[in-house]
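Structures given as structure tokens follow.
In the two assemblies presented below, chain A is common to both, partnered first by chain B and then by chain C.
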Partner chain A sequence: MTTVTGARHGVAFWLQLGFTLLVCMLLVAPMLLSLLAGVTENYLVGIESGLTTRWIAEVLRGYSDTILLSLQVALACLAATLVLGVPVAYVLARRGNWLTRLFEELLTMPIAVPGLATALALIITYGGVGEFRRSWLFILVGHVLFTLPFMVRSVLAVMSAVDLRTLEEGAASLGAGFARRFFTIVLPNSLPGILSGSLMVVTLSIGEFNLTWLLHTPLTKTLPVGLADSYASLRIEIGSAYTLIFFVMVIPLLLLLQALARFGQPPR
Partner chain B sequence: MSRDPLRFEPVPVRLNACAKTFPGGTRALEPIDLEIAGGETVVFLGPSGCGKTTTLRIIAGLEQPDPGGSVFFGSEDVTALPIERRNVGMVFQSYALFPNMDVAQNVGYGLRVRGIDRRRRDARVGEMLAMMQMEALARRRIDQLSGGQRQRVALARALVVRPRILLLDEPLTALDAKLRDGLRLEIDRLLRQLGITAIYVTHDQGEAMALADRIVVMSGGRVVQIGTPRDVYFRPADPFVADFVGTTNRLQAQAADGRLHVLGADVPWAGATGPLAVLVRPEDVRLDAVTGQAEAKVTTAMFLGDRTRLVVETGTGETLSIDAPGRASFAIGDTVRIAIDPDRLLAMPL
Partner chain C sequence: MIQSGIGSRVLALALVAPAVAVFGAFFLLPLARLFVVGLSGPEGWRTYAAVLVEPRYLESLVSTMLLAAAVTAVTLAIAGTSGLFLARNRFPGRALLVALLTFPLVFPGVVIGFMVIMLAGRQGLIGTLSEQVAGQRIVFAYSMAGLFLGYVYFSIPRVLLTVMAAAEKLDPQQAEAARALGARPWQVLVHVVLPALKPALLSAGAICFATAMGAFGTAFTLATRIDVLPMVIYTEFTLQANIAMAAALSFVLGIVTWLALSLARSLAGTSVAAAA
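Coming up: the complex of A and B.
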């Protein structure tokens, strides 16, 4: 068997396979080690010191509010980007002129500009509004600014591909007014884009650190900010346990959204 | 498509001075006045950019005519109504079927919009699918249909809401030739059976002649000729129409004293005098070794089954297309004698 396979795949194949596995190792190994550290009794001694869940318990005791806040911000951010982004993408898809193209470019600015700069701009502008500055909504605004272009882009890509104009004309010829066309034709046919946009927005929001680090207050810490906190000031086992919790949270979410995105695409 | 005919109310359509200027100043359509009788099938025929689709879209309500223009369905002025309130049925070139719905949902969409309850909706969709012989496809997704099936779904979807008029925008263009011929017959039968006022846009003269009660030939945003298919074919208003509808030969001629000098020979002539261009169809040129007026050399012989299309060059250096019977065979370089009946010639001013 081996000789047959070996004959079928040349040296180049095995070299490529080896290289691919090596790259995977380099990527996965640190994650695995970090996860392992989160359940190790004493990282300096190593795995022989035994496995424990007490670091996880400690993180949950100290940082569960950051986890909840991160989820809250991510979901609110998703809602906001859906409500803002889908109509924006629709207008951009239906009306292609210099103004909409300019708007599209402007919209992507927060991706190009470093998060810290965006955050600073927000603080300079709204920092004086005390109630707002202190609330989690301040972080939400930053996240929406940052993630909106991803939502708009992915919805726009799908909308541009399905010839919305003609579909809508078809619906209109059958008597459908704007609202009905939007909800029965535009939205369902943009679903793959909306789902993949949602996937990106939630993931980006949960993991966002740059902006959030400047925007947060001691009372509005998100998970990544808490993570940085624990890395900086606590035992490495606690930081690692924190990472573990992040993975447990975010991976099912990613898988779910991936599955949804696949479901939304027409079968080929 | 031959089951129970749903008869439609024949609604006449009138266009008054409808012009269209697009932003940026491009004049897509010169002012057009047109009366379409109830139940009539009118075909807008012309090359791309001639204004035929713009006219259709103005009738549909997808475009507004320039100020001053108006559109009437019967006695109702619909100019200000958007398409969704005109109650028209429209079949698009790309069909515009909704990919998020199956066949039955597509066909039922217009009924759903009209708030018709599920039971009656299902019944009417079933009826319509039966008429189109598509019951078996009711639960198919659009991307599981062939081009011809999509075309029928589009027709069914447009007709099920009992529109006042039916608009078809190059509905057969996306299909291959064989299918096109079959569907052309079906559409023709359907339109006659339903008695609905239908407006059909195409650039294919064969489609236009087969389907139309009247053809509106358009060019450069203008109506060039309106007439029955026979009118347009046998009495084209100008060389453009003659050339666009069917194939035609254009010859130089000189007329004087009851004689027309053409292809180096004289034939009796009662028409206009002076230097003329005369048009003659390939099937109106005969090959006649005895009475033929002019000699010509075969330069191309294309066997088409039912006939052989010859291209010949005459002694005067003019090139003609001629239809010869399919069973006669020719070789390049053969010499033939051609005969033209003066009453088959159409004179055009130079």
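Coming up: the complex of A and C.
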């Protein structure tokens, strides 16, 4: 398309650029304000009141357990989606029939069905199993349901792009059994998909709230649950400092994901 | 071997078995239970009818759908314009701009709600600016308008990325041909570019609609007084302890969002749901 670089831009270009910059400001301004509020002594007074790290320290003192639990759930969720999802993606890539397509369709349902409904269904079914209901595994189950389709999609996209069949037939003709082919050919060739799927799963799990709010108990609070608490009951500086910690955890993952996507693209 | 024969079928089955078991036990079975519990109240099947008959629930269903439709229309217009622009032009700083525009993609609803408070809340940017300019503090975060702002905020990155990806795959020769035949820029847009982007716009719009229907965190952060369907479900479940009604409402909500995505997918002819 019109790949104009240099000075010959028309009015339409500048109008659209202005509009896009405006949209960008709308998105970024509250993030910056919240970062600022998290390190400001008194947000109502403004930056003149001085900069401080005491709000961050206060959050780390009061809420570090939520941060740790979120990391724990995210890593466990990653392990579960890898073990469950990569084999599924492999079967979907190699065998396309009505049954696998139906399963693929069903598997994406937890994205379409609101988290609140899924959480309610889980509570109705397993809420009576006290031990399970009270443990962090209850939250993990919800997160696995929600993130599994992202892992499968991401791995499947890469597996469909490389010619697994030819590679595997070559290896099989040289006498490699299934396990050997899977671990030395299928997995290495799918690595970009596994990597971006993993980043996606961890990022989504750390931020998941719709399911988690109903699934959590006072002893199993994740980071977003703690965030909701702090927004509702604590001063804006503490909520902001808490949000700042969340940004620091999540935005590097997102940037990595984007870099990976660019790296995987053919040069233009 | 996976190529052919009984052996490969058994192997394929063994590979998907764990996922099928987990998915069946923790999603399909609970969903079926949810449906049954919706029937188990004192009203029986009328609990489901109440969703469409009782004004309180119907109003909330309708206002949630209207909100979702408005969010979808506005987001498609905003992100469609910017996405098309970013896909068709190269300029210094473009990569940074795209990165900034996609940050909210991974924010949970509660954080989106907090962003709305930062913009339009009591100590928000819009209030401060309007006070300086017009002498009056404009505060609208804790209402349907705040929720609308939040959902547009959240949806812009996703629609933007979908539109950009689709626009970069367009065949530039079609637009060239239209121009060579004397079409004006807006004619190229309306007759060539937009029809080619239709599948992407449909699928992005459907995701946008479904998310706005079912999201909970943003409304939860802004106010418990906003009567969107997820908030009504939450209130029925926690405060009224009306589990049958909460189950019936959740089931209907799930059906609506799932239908929206399925419909868009069949119209667009591509896989939609996980286009993150």
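Note that in this section the second predicted complex is superposed on the first by the 245 of 268 C-alpha atoms of A that agree within 3 Å, B and C clash if a C-alpha of one lies under 4 Å from a C-alpha of the other, contacts with A are read in each partner's own complex, and residues count from 1 in each chain.
Just so it is clear, a residue touches a chain if its C-beta (ideal position, glycine included) is under 8 Å from a C-beta of that chain, and two chains touch if they have at least 3 such contacts.
Being a predicted model, the structure only gives us computed values, none of them experimental.
A.B. asks: Superpose on chain A as described above, then tell me if chain B and chain C fit or clash.
C.D. replies: fit
A.B. asks: Taking the C-alpha centre of chain A as the vertex, compute the angle to the C-alpha centres of chain B and chain C, in steps of 10 degrees.
C.D. replies: Angle at the centre of chain A: 90 degrees.
A.B. asks: Between chain B and chain C, which makes contact with more of the residues in chain A?
C.D. replies: Larger number of chain A residues touched: C.
A.B. asks: Just to be sure I read the superposition right, which of the two partners does A:172 touch: chain B = first, chain C = second, or both, or neither?
C.D. replies: In the superposition, A:172 contacts both chain B and chain C.
A.B. asks: Could you look at A:84 and tell me whether it touches chain B, chain C, both or neither (first, second, both, neither)?
C.D. replies: second
A.B. asks: For A:233, select first, second, both or neither according to whether it touches chain B, chain C, the two together, or no partner.
C.D. replies: A:233: touches no partner chain.
A.B. asks: Give, as a whole number of angstrom, the minimum Cα separation of chain B and chain C in the superposed three-chain arrangement.
C.D. replies: 7 Å.
A.B. asks: Please report the chain A residues shared by its interface with chain B and its interface with chain C.
C.D. replies: In chain A, positions 169, 172 sit in both the chain B and chain C interfaces.
A.B. asks: Can you list the chain A residues touching chain C in their complex?
C.D. replies: Answer in residue numbers: 1-5, 12-13, 16-17, 19-21, 23-24, 26-31, 33-34, 37, 43-44, 83-85, 87-88, 90-91, 94-95, 103, 106-118, 120-122, 124-126, 141, 144-145, 148-150, 153, 165, 168-169, 172, 178, 200, 203-204, 207-210, 213-214, 224, 227-228, 231-232, 236, 239, 243, 246, 250-251, 253-255, 258.
A.B. asks: Please give the residue numbers of chain C that touch chain A in the complex, ascending.
C.D. replies: Contact set of chain C toward chain A: 1-3, 11-12, 15-16, 18-20, 22-23, 26-31, 33-34, 37, 78-79, 81-82, 85-91, 97, 99-111, 113-119, 123, 125, 153, 156-157, 167, 170, 172, 175, 185, 210, 213-217, 220-221, 230, 233-234, 237, 243, 246-247, 250-251, 253-254, 257-258, 261-262, 271, 273-274, 276.
A.B. asks: For a test of understanding, state which residues of chain B touch chain A in their complex under the given definition.
C.D. replies: Listed in rising order, the residues of chain B that touch chain A are 60, 62, 82-85, 87-90, 92, 94-100, 109-110, 113-114, 141, 143, 157-158, 161, 167.
A.B. asks: List the residues on chain A that touch chain B in their complex, please.
C.D. replies: That would be residues 162-163, 166-167, 169-177, 180, 184-185, 188-189, 191, 266-267 of chain A.
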